[in-house]
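Below, chain A partners chain B and then partners chain C, in two separate complexes.
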Partner chain A sequence: MSIASTTQQICFLVLSATTVVGSLGVVLLPNIVYSAFLLGGVFLSVAGLYLLLNASFVAAAQILVYVGAVNVLILFAIMLVNKQETLAAIPGLLVRRLLSGAVCAGLFALLLRVAFTTTWALPGPTPVGEEATIRIGEHLFTDYLLPFELASVLLLMAMIGAIVLARRDVFSTDVITGEPADQGLIEKDRTPLLIEKSAPAPTLLSKP
Partner chain B sequence: MADLFLAAASSVTTAASAAEAIASGLGTGALALQLNAGAIAPEVAVLLTLVVCLVVDLAGEKAASRWVPPICYGGLGASLVLLALQWDSPLEPSFLGSFLADNLAIAFRAVVAASTLISLLLSWRYVERSGTPMGEYAAILLAATLGAMFLCGSTDLVSIFISLETLSVASYLLAGYMKRDARSSEAALKYLLVGSAAAAVFLYGASLLYGLSGGATSLATIGVALQTSASPITALALVFVLATVAFKIAAVPFHQWTPDVYEGSPTPVVAFLSVGSKAAGFALAVRLLVGCFESFDAQWKFLFTVLAVLSMVLGNVVALAQTSMKRMLAYSSIGQAGFVMIGLVCGTEDGFSAMVLYMAAYLFMNLGAFACIILFSLRTGSDRIADYAGLYQKDPLITLGLSLCLLSLGGIPPMLGFFGKIYLFFAGWADHQYLLVVVGLVTSVVSIYYYISVIKMMVVKEPQEASDVVKAYPAITWNLAGMQPLRAALVGCVVITAVGGVLSSPLFDWASSTVAGTPILQQAIAAAAIAPLG
Partner chain C sequence: MLSTGLLGAAVAPPGLDLQSSFIDLAQAMGLTAGAARLLWLPLPMVLVLVGAVVGVLVSVWLERKISAAVQQRIGPEYAGALGVLQPLADGLKLVFKEDIIPARADSVLFSLGPVLVVVPVILSWLVVPFGQNLLISNVGVGIFLWIALSSIQPIGLLMSGYSSNNKYSLLGGLRAAAQSISYEIPLALAVLAVVMMSNSLSTVDIVAQQTGAGILSWNIWRQPVGFVIFWICALAECERLPFDLPEAEEELVAGYQTEYSGMKFALFYLGSYINLVLSALLVSVLYLGGWSFPVPVEWITGWLGVSPDAPLVQVITGSIGIVSTILKAYLLVFFAILLRWTTPRVRIDQLLDLGWKFLLPIALVNLLVTAGLKLAFPVAFGG
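The block that comes next holds the complex of A and B.
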């Protein structure tokens, strides 16, 4: 075994261990700030795996998009909405956790079994290395042209939706009749799903 | 674990070989390659409408409420006309195999576009009454339509995923559109979480398919590759892909999101989700299962049979206990999806055309029912079934319309739904799917019980037994902006539901020519016909 392949093996093991442990931490830690930072670590180690596979463009995109944008955005959101709030205890939380743990373990066992029983076509095709960017560009303007263009519609719509949900200068009247409106469902007099049944639901009438 | 990563490694690097294949294709037949971009002309019409709506919306809310409705009618109408012009045109894959405008795609895209048009007709008054911006509402709904329409014709895993996400993200936004209402936000959050999980599962399945076919994303190529691979990993990919399809069409046990999302979302959005989104899900099911997993015919048919039986039983039985109209229609739509799946499981010519026919019938009868409950909630602010008591005294139009649509959903002759359902059961019986047909018949009877109990609530009660809401019923006026389109949609849907059954011959012709003009369905029918002999 040459030095190069040993190094590669060690890098792979370290990166995989970071990914697995980090993602377990993301899911299991109670503090959301730790989870967010660990998520950044997971994204970085996945980028490292891409580098090992000679896919440098994908690795760079992973760092730029996931670590640079998505993860930072998550951290911003956490810092902006860092409100201390004691949530009511969920009944039977332990049973629920055990159940979901069992389901996840079952799925993991299934995936492992399939991964070990399948005969993989190894080694895969040789990586194109630096040419990858050219290949991706060719794909985007030939056979993946339609999804590429459709993605712009997706982004446009996501942007509009984010603005609609976030904006504050809401008009609180019906444009046609001028009656007051509350941006809620028209169907009013039902039991709210989230709010406790004992607590009176906040209504327009209850205000003095 | 290491194997998994190595597999990922091979799938990343196989992109290179796929690129080589493309490059050689470009080299040999560069002149022959054409985009055939005309195939997506209907989608372009929807896209232009979307952009124009956004531009008009810049002029302020008053201008938007004046101009957005006619723009949407024009755009969606143009889209429907362009779809009609594509009918039976010679088949050429467009965008180098990303999209195929066969008759199946055209039929389902027409169902989607029509469901958007009718949902928009129902929406205007609702949106204005709740004080939410109208231009953006129309734009997001049109984006959802665009995603659903592309989904119906996509023949490539990447196109399928992007259009699925366009549809889903727009649906999450629409579900949470009444942002000051906790129920709406809850619906959006639940839909987002479950939907993201489903999308992740689809991606996993798609990546397995990509690896199995040696780096192909075209469904036809993957279908060929799957014929020679009988490993458990293909079964795993099938299950993952099937889970996503079942999530989109809300089949049991992937239905948990449906009741809460339907209850918390704005009602016109529910109307779109229950028809447009579901039609796109069925088109996706046909493309993936019939077009790609044809060598795993027995397996997916068995899984779909289980899903159909569970959907019919659970949807129709749980609907009995509901007190909210929207929730009842949510469970009823789960049951209806189970009926449509009978047609897909058959895999015969009759089965496929019954599926298309029932989807078209479902469009009119379900949207007609939604038109009635939207009108009722606009006038009373309620959607409890108990509040409908004694309604015939005060509002004969809603009573008549809702009764006809619910009877049609239950499958009472001579409504449109009866012919759709009888065709489905006939096709199932002819294909020896006795279990499905018997379960379908029994659950139909159950469904008739809860549909009729709503009608009984409206019609049979004496005036003094009427609910407080009905006793305080406002005077019926149609002069507000947005009420006339609502009335037009209501009357149109109810008339088609009531009369369409008797005059359904063109619909039958349309459904069978849909199947005749779709190569993947023809192949599946031919394969099914040969199988018993060989």
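The block that comes next holds the complex of A and C.
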């Protein structure tokens, strides 16, 4: 056995172990922050597995998208709303856990069966190596064009939805004159709002 | 290593190839090819690591001296000639400081945070070329690997900000992550325009595409807008003033570093300076012709009437390449330091406005124009 293949095997074992242990930690740990950080670790080790398969572009994209964007977003969300509060006990927690555990075990058994019954072609197709980037580009603009575009439309929809949800709820009409007010003016904090100073605040806020 | 280069250069392909020379030499001494390769592997890594740390020491000294000059002070003077040993003294001080973990902090995440900040930055040095074959690994995805790796850093910052159990740290960490996510997009778009022109993600190919007519063929003339966008974004990614909001002293004590001391603090410090030098090196690779000399070396050898393949000439060419890469990078570091000591800090809303409402559209337009120019003038814009 040459040095290269030994290294590859060691790397594979370490990466697979990290992936399995890390994902178990993501699911089982009670602390949500730990779960989120472990998820990043799992994504990284999956990227390492891609690298072992000679798919360096996919590995880099995995890091960029999943670690750099998805995981950071999850962490952001957790840290912005991380209030220390005691949650009310959920009724029937044990039953729920057992049920979800059973579902997971069933899925795992199904996957195992697929893995053992499929006749894998060994050795697999020869890796294209550095040409992969060009190949992926060609596929994205020919036979995978529709799924690619659909995915981008989906992302656009999500973005518009996020903007609609996050937009501050402000008065679109002047409360005194009843004329439409400029949205841009209202959204700037320092600009004095066209609101009567003496009016009580709660009634203003309760208006739609 | 230099002597192996001399021996092997005659048979090596254009440019100095120390790796093949070293392996040839080791095999001549009776080692197998695999063992020779194994012996070679750590050498460039250690060399680049040492180079990065020395680069940091030089930048710290430059920072101290230039800031002093800007503020009409003398700066460090007694530690070595002109105070060159001052950064070494700083480093030693940090090594011997007590390593404190706050009582209510999360000690595991607290220790892991700085590591996650430094490791991706050091890994990115993998793709920095100092010559045709003078880099650790000519990975095909080159510059994309750097973009991907630099996106890991915010996780380390969030981790250290969260685990410090301190509101300033948490705010600093959140700001750092928000900032680096916002500026990653225009940065990647600026890089994409360059990649489109050179038809490759590999840093070596990007530099090779800029050689030919010396200083005139550098990308800065074809991508002036991209250059400015990249430089602004790189400064923001390094959290240098005017974009050092994550550690704004007047507001956040020191941001995510507040609770750190000793070697862990030194890791942040080291990471930010390594990142600065790395960004400067990549600007020089992407826009300033990398290792190419303002006048092509082939022309000079032609005028002097020497063969560019002669061993000694190759060694000199390689050295000129290394020196010009480093000189270009440090010119940019100088500008970054000058900017830091002469500009005020932006506010967080100005920072995000600049990133999302100005740089992003401009970067998109730049990409579109580059694509159009590439189709219209394939000779000048890499068909």
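Criterion: the second predicted complex is superposed on the first by the 169 of 208 C-alpha atoms of A that agree within 3 Å, B and C clash if a C-alpha of one lies under 4 Å from a C-alpha of the other, contacts with A are read in each partner's own complex, and residues count from 1 in each chain.
Heads up, the rule we're going with is that a residue touches a chain if its C-beta (ideal position, glycine included) is under 8 Å from a C-beta of that chain, and two chains touch if they have at least 3 such contacts.
Source: prediction; values computed, not measured.
J.: Should A:Ala115 be classified as contacting the first partner (chain B), the second (chain C), both, or neither?
T.: First partner only, chain B.
J.: Between chain B and chain C, pick out the one touching the greater number of residues of chain A.
T.: With both complexes superposed on chain A, more residues of chain A are touched by B.
J.: May I ask you to decide whether A:Leu75 touches chain B, chain C, both, or neither, giving the answer as first, second, both or neither?
T.: second
J.: Touch test for A:Leu150: chain B only (first), chain C only (second), both, or neither?
T.: In the superposition, A:Leu150 contacts chain B only.
J.: Look at A:Thr126 in the shared chain and tell me whether it touches chain B only, chain C only, both, or neither; answer first, second, both or neither.
T.: first
J.: Tell me the contact category for A:Thr142 with respect to chain B and chain C: first, second, both or neither.
T.: First partner only, chain B.
J.: Touching chain B and also chain C: which chain A residues?
T.: 132
J.: Residues of chain C touching chain A in their complex?
T.: 34, 37-38, 109, 139-141, 144-145, 147-149, 151-152, 154-155, 158-159, 161-162, 170, 173-174, 177-178, 181, 184, 201
J.: If you look only at chain A, which of its residues touch chain B in the complex?
T.: Residues 12, 16, 20, 49-50, 52-55, 58, 110-128, 131-132, 135, 138-139, 142-147, 150-151, 153-154, 156-158, 160-161, 163-165, 170-177, 180-190, 192-195.
J.: Give every residue of chain B touching chain A within the complex, in rising order.
T.: Within the complex, chain B contacts chain A at residues 1-17, 19, 22-23, 26, 35, 40, 47, 50, 54, 61-62, 65, 94-99, 126, 128-134, 136, 139-140, 143, 146-147, 150, 156, 158-159, 161-163, 165-166, 169-170, 173, 176-184, 186, 214-215, 217, 231-233, 236, 260, 263-264, 266-267, 324, 326, 377-378, 381-384, 480-482.
J.: Would you tell me which residues of chain A are touching chain C in their complex?
T.: Interface residues on the chain A side: 2-4, 33, 37, 40, 44, 56-57, 60-61, 63-64, 67-69, 71-72, 75-76, 79-80, 129-130, 132-133.
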